[in-house]
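First chain written, first letter: the chains are A, B, C and D, and each begins at residue 1.
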Amino acid sequence: MGVSVQREDFDPGREIEAAVAGRTDAGAVCCFVGLVRDVVPGAGASALTLEHYPGMTERQLEAIEAEARDRWPLLATRIVHRYGRLEPGDRIVLVVTASAHRQAAFESCEFLMDWLKTKAPFWKLEETPEGEHWVEARDTDEAAASRWQSSGQSSVPREIKS
Amino acid sequence: MGVSVQREDFDPGREIEAAVAGRTDAGAVCCFVGLVRDVVPGAGASALTLEHYPGMTERQLEAIEAEARDRWPLLATRIVHRYGRLEPGDRIVLVVTASAHRQAAFESCEFLMDWLKTKAPFWKLEETPEGEHWVEARDTDEAAASRWQSSGQSSVPREIKS
Amino acid sequence: MKLLYFAWLRSKTGIGQETVDPPEEVRTVADLLAWLPTRGPGFAAALANPAVVRVAVNQEYARPDHPLRRGDEVALFPPVTGG
Amino acid sequence: MKLLYFAWLRSKTGIGQETVDPPEEVRTVADLLAWLPTRGPGFAAALANPAVVRVAVNQEYARPDHPLRRGDEVALFPPVTGG
């Protein structure tokens, strides 16, 4: 329930638990965890620093969360995004969605991740053996996010399945 | 990472952790947890008993897992399915998938759940105030599973996004 | 031949597991589904609508034309409802 | 007017945050993006390709025709790469 932007790590198991604690109407929980990948394997550490825009970040995440709750019949949502210096293997982001049925949980979780990738004001500064550089945005992320805008596909939940 | 069919509960946080423990090439973990829903809210307990076909169940789950690993570039997969008597709110099933990028993790997790719902030999006997009855299969689950068979849609990974 | 019944196929036949020796004409899954109802009213009730009966031979899903052998393990069950 | 720069817009301008008093003709986001490069080579470099600069006014994404007021908080940054 809600949004956190924090330097500290989070606990996916506890977040899943909290999303459905005490309820018996949720049949489906979907949880996504994003991790720092070692972009230059074998070349030693390739840590990164996540910069963000305090204030706007929280606003954007809350708006995205409200949008997901408008589109799908969700019983719980949770977004946690870290900032600061992170090493390969570290957790960056968590999204949890809960619903009566699995399709709403899966779709809304994907939706939230696609929008986070393209709208939430975070920027990655990558450390490589050649020095630091700002990670460039990927066209494929834009494409992934844009599918939720077209009226043709998946903009409203398809027929419900459990 | 394998398949477990068991009477005991499982720990989603530990399963997510185990899927990517010690690796730095996984950027995405998707975890789905299915729970017992109270089908008759307010009417007291509506527990259920999950029957299965020992031997064939494990075989089917392993075959489905191998199929997912053929279709997507997965770094880890995990399936746990419980049997026996379960109460509303109890966890039934867990699927975890890990990949370099999020689309493969999401798609393969959905694929596994769709196939579990239609191919894994489990049957739910529901306790209601009117007595016990065997839960009927849902056409929407068949439809969900069949989308992975058509050559037109999503039978192979779409372009990769992180 | 070992037969297993699950879910309401077990309730209706009253049998979880049995060993049978079907007549020689029973050579496929379809033959078996046609023969079983002749064994009594419980079997007739359980197999009244063969379209909703799934069959696995040696723990793999099998179609009606799947051939059967003496030592096979054949399971009959309704569409699955796990997950 | 408060200006914020993030990621490589900060590196190139050398500024994280500043308060500016743009000339009266600067009435929209587009006007601001046209005016800033005239302030020096760092700004010119940062804004060389305005197509890759995103703008937020008072912490909401804003289009080029978005009007600007004296007290606004305007942020300039590249396409986001979180998640």
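The rule is short, and it goes like this: contacts are C-beta pairs under 8 Å (C-beta built on N, C-alpha and C of every residue); 3 or more make two chains touch, one makes a residue touch a chain.
Fair warning: this is a prediction, and the values are worked out from it, not measured in the lab.
Colleague: Using mean Cα positions as chain centres, tell me which chain lies farthest from chain A.
Modeller: So the chain farthest away from chain A turns out to be C.
Colleague: So what's the Cα centroid distance for chain A and chain B, whole Å?
Modeller: Here the centre of chain B sits 21 Å away from the centre of chain A.
Colleague: Roughly how far is chain C from chain D, centre to centre by C-alpha average, rounded to an integer in Å?
Modeller: Taking the average C-alpha coordinate of chain C and of chain D, the gap between them is 73 Å.
Colleague: For chain A and chain D, what's the span in angstrom between their mean Cα positions?
Modeller: Spacing between the chain centres: roughly 27 Å.
Colleague: Determine the centre-to-centre distance between chain A and chain C, using the mean Cα coordinates as centres, and give it in whole Å.
Modeller: 47
Colleague: Can you list every residue of chain B that touches 2 or more other chains, as numbers and ranges?
Modeller: 34, 113, 117
Colleague: Please list, in label order, each pair of chains that touches.
Modeller: Here the touching chain pairs work out to A-B, A-D, B-C.
Colleague: Name, in rising order, each residue of chain B that touches chain A in their complex.
Modeller: 11-14, 16-17, 20, 22-38, 41, 88-89, 100, 102-103, 105-106, 109-110, 113, 117, 138, 140-141, 143-144, 159-162
Colleague: Flag every residue of chain D that touches chain A in the complex, lowest number first.
Modeller: 4, 6-8, 11, 56, 59-61, 75, 77-83
Colleague: Which part of chain A faces chain D closely enough to touch in the complex?
Modeller: Residue list for chain A touching chain D: 34, 50-53, 55-56, 59, 81, 92-93, 113, 116-125, 134-137, 141.
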